[in-house]
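Look for subunit A in each of the two complexes below; its partner is subunit B in the first and subunit C in the second.
So, the complex of A and B:
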């Protein structure tokens, strides 16, 4: 990290104030490794951040230009900034699950629709952890959290046949990937593809929150063991084993064709969603298949002006 | 000068383009839709970019994002959209990012009546976002021609003060048709201070200086300055901080830069005040036009009245209402009384109120009220009359 630190980061913000054992540092490092692989430096990237752990811990860590947006709106800000920056500069956004998939989803979807050139790195700690551990958009059904003391009785977007990446794919995103924060080379590979894509890319990292989701929901503060639980939780069909579906999408039913009955109140710690199987790596690769928002707006505007001049 | 006969929506569009507008992001809403339409037609021809947000929150965030990238940016809306600006408005205030916003007020609350003028966002334009610790700059045109000039002034103030400026218009200003003139020659442009100077970029490292000076360039990203701009309380360099001392410093700058330089913002028009009339009518925006007419007719009848028209609303111009022994009759396009509260506070006397909802007061109504008040009588009314000596029909 020393090499990456001197190359890319600001001394004043490192080390971060993240909890000991937090997985955010791993995600942050993967992004820097991908930038290094692409030989991109501080002047090549404008780095924006959302609200919550993932945003606050990365704001103004980048040695180049930085911005932090209002909660869930950093995607709309980046769309305007994209037009002003023109091609040639990368926009990297680091945000959490609540920021991106909760309060910001409408703006995120519209950035995907327009195929705005940006790389959104969603560091997902499975709930609202910076406010003390409330359930969120991707919290598994049944989870006991500070705002679901009897277990979460509503589906998240990582289960019950639902997958937030499928929504983004349908909305027009041109590169999507999903990883656990412990994924090393494979996640850097995904980030490289995301950064290279001249369009809307999103890489979804699920990472352990040791202080809230780990301690309260899983009863576990050990980062390694929490990650082990994730593998079990998101493996489909219960303990760690894959379901018979292997396409990264959840199904209406679990591997045995039974309907998901949902959790029972007071059933205790989350046991995972039988209908969701975590597939790590590229989720959707449509790089270059759709025109990029700012580039086409700039070219279109030029055509209009020149057409009027003729 | 090119003489046009068109709406306020058109005059604002033309003025913004002459100011060098690069980026307009809108969202359709009556009675400001035609600004978006005019922009979509005119801006690409002038080399600027027209974008439509998925909602007003996105529209202003996109405009502020473009401004943060160095573009001259604008959006426009009406009340239901203006209230959705709360998020990005605060962000632009705190991050000190210039942007121009037009609000064509219609009668409310909520969706109200789309095609009727209102003045319900007087206070909202003072507090368009949460958290306090800031002053806003708000200009108020009374018609199509003035909307043109004020748009130019709004861009200039926004950039000099590094803050959003609201042009608080109303439906009669934006939908109304009037003749106005657009400068064509270099001399004509220069007479309006056009073209505006190019947007500058703060070189850093102290992007958020420890003073209340204006004419400080804003943070622009993508220029290799190491610029930082956020929703958090910033240090001088733009780092997020939780130090109370830094918060105080930031708040003092946001408030002080506006108040210390308010001479550049304050604007008003006086009508028949030379002989110090005892009764002065107060208004802003389109009602000012019937008020002016009523004052002139009253004078023709020998009634000693005058008028003050506010051309800038915020920061509020207390000094205009502090002449001793003066009574004020505040005329507004709402029935709850907004401006009247500020006039009462500034003058130290309970001001009288005549509120109309969705349409202008008639000149005859104003004359009747003036006559009664000068005779020492109360003016008829309901709630406001009982509480505040005003009139509520």
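So, the complex of A and C:
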């Protein structure tokens, strides 16, 4: 096992129950690398997890304090925990795309609105993979999945002029970033900024699901080839190391004013969806621009108490 | 003298996804033949002298079972 395992993880939970080739471990590894960079240990972080692949495979892997939220509600639980814990401890939450942007979006938006100090890591496998590979809220249009055999006909939160990070930005989040789980040092850098931000931070990672997205949507069983296709689709890169060289350059964000071409029935999987040209790196950096929820609440409560005592 | 690297691959923890093989720009790994206790076939770092320490395999490994360190 590597040094990150020995420093941060529980032996009885690793190797995880994730499928061979699941990119979730890559996301988990980047968070641990960021914590290592900040010299934070198991005593400094409370780790919460959502439901689905992302929640299940990371639950209780952290050697320090852990908790599992109900589906989509881990952000609300963490907001209460933030007030109780005080500013000394970091809160890291790992959730999936359905948990964060589907059932839990309203809780997520309200945490962003209050600027609650937490780092949400959204591990996005582009659909509901733990339940058998149905299309989800970030599945690219046109994708063939178990529940969209002729191609997905509805817009998701990525592409077609929509971007869920734009909604979070408008809701008041103070740090937002997006990466592929294959990105190297640049993704760790974004996570470091997110962890250092005394406010609501979210880093969105898109990672390959080999069992459903790879096999059904990409039509490929060979995991190495799935990784290659995934990288070529999102990053435009070929064989090589981490995909950092494309950061902030090759990609383009789908602008709000662009005409949405919509899916072509029977045109095959995902080609042509703007989700595949998303810009990687920091999406919004408003660190320190808004007051943090727990700190202001504690100060406000203290003022009220002192006022009432007079 | 050029730097040399050590690749440690945990045979039992590996799930045999082959991502290290896929990302390595120097073709250091070969597909493995031996099965571990969970029935996966971990790759083998067959040409470790060709490793340039880019850490591509370390970043790509989803199972915390691969480490690349510089030999002092």
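The definition used in the following text is that the second predicted complex is superposed on the first by the 266 of 310 C-alpha atoms of A that agree within 3 Å, B and C clash if a C-alpha of one lies under 4 Å from a C-alpha of the other, contacts with A are read in each partner's own complex, and residues count from 1 in each chain.
Please note the rule applied: a contact is a pair of C-beta atoms (placed from the backbone, for glycine too) under 8 Å apart; a residue touches a chain by one contact, two chains touch by 3 or more.
Keep in mind the model is a prediction, meaning the values are calculated, not measured.
Using the contact criterion defined above for the overlaid structures, shared-chain residue A:29 touches subunit C, although it does not reach subunit B. When the two structures are aligned on the shared chain, A:212 is found in touch with neither subunit B nor subunit C. With both structures placed on the common chain, the touch criterion links A:141 to neither subunit B nor subunit C. In the superposed model, A:280 lies in contact with neither subunit B nor subunit C.
Contacts of A:223 after superposition on the shared chain: subunit C is touched, whereas subunit B is not. Subunit A has more of its residues touched by B than by the other of subunit B and subunit C.
Once the two complexes are laid over each other on the shared chain, residue contacts for A:2 go to subunit C alone; subunit B is not touched.
Looking at the complex, you find that subunit C touches subunit A at residues 8, 10, 13, 15-19, 21-23, 25, 38, 40, 54-56, 58-67. Subunit A meets subunit B in the complex at residues 12-13, 42-43, 46, 49, 51, 56, 59-60, 63-71, 73, 76-85, 89, 106-107, 110, 297-298, 300-301, 304-305, 308. Across the complex, subunit B meets subunit A through its residues 22-23, 25, 44-49, 51, 53-55, 57-58, 61-71, 73, 87-88, 90-91, 95, 221-232, 238-240. Across the complex, subunit A meets subunit C through its residues 1-5, 9, 14-16, 18, 20-26, 29-30, 182, 184, 210, 223-224, 227-228, 239-242.
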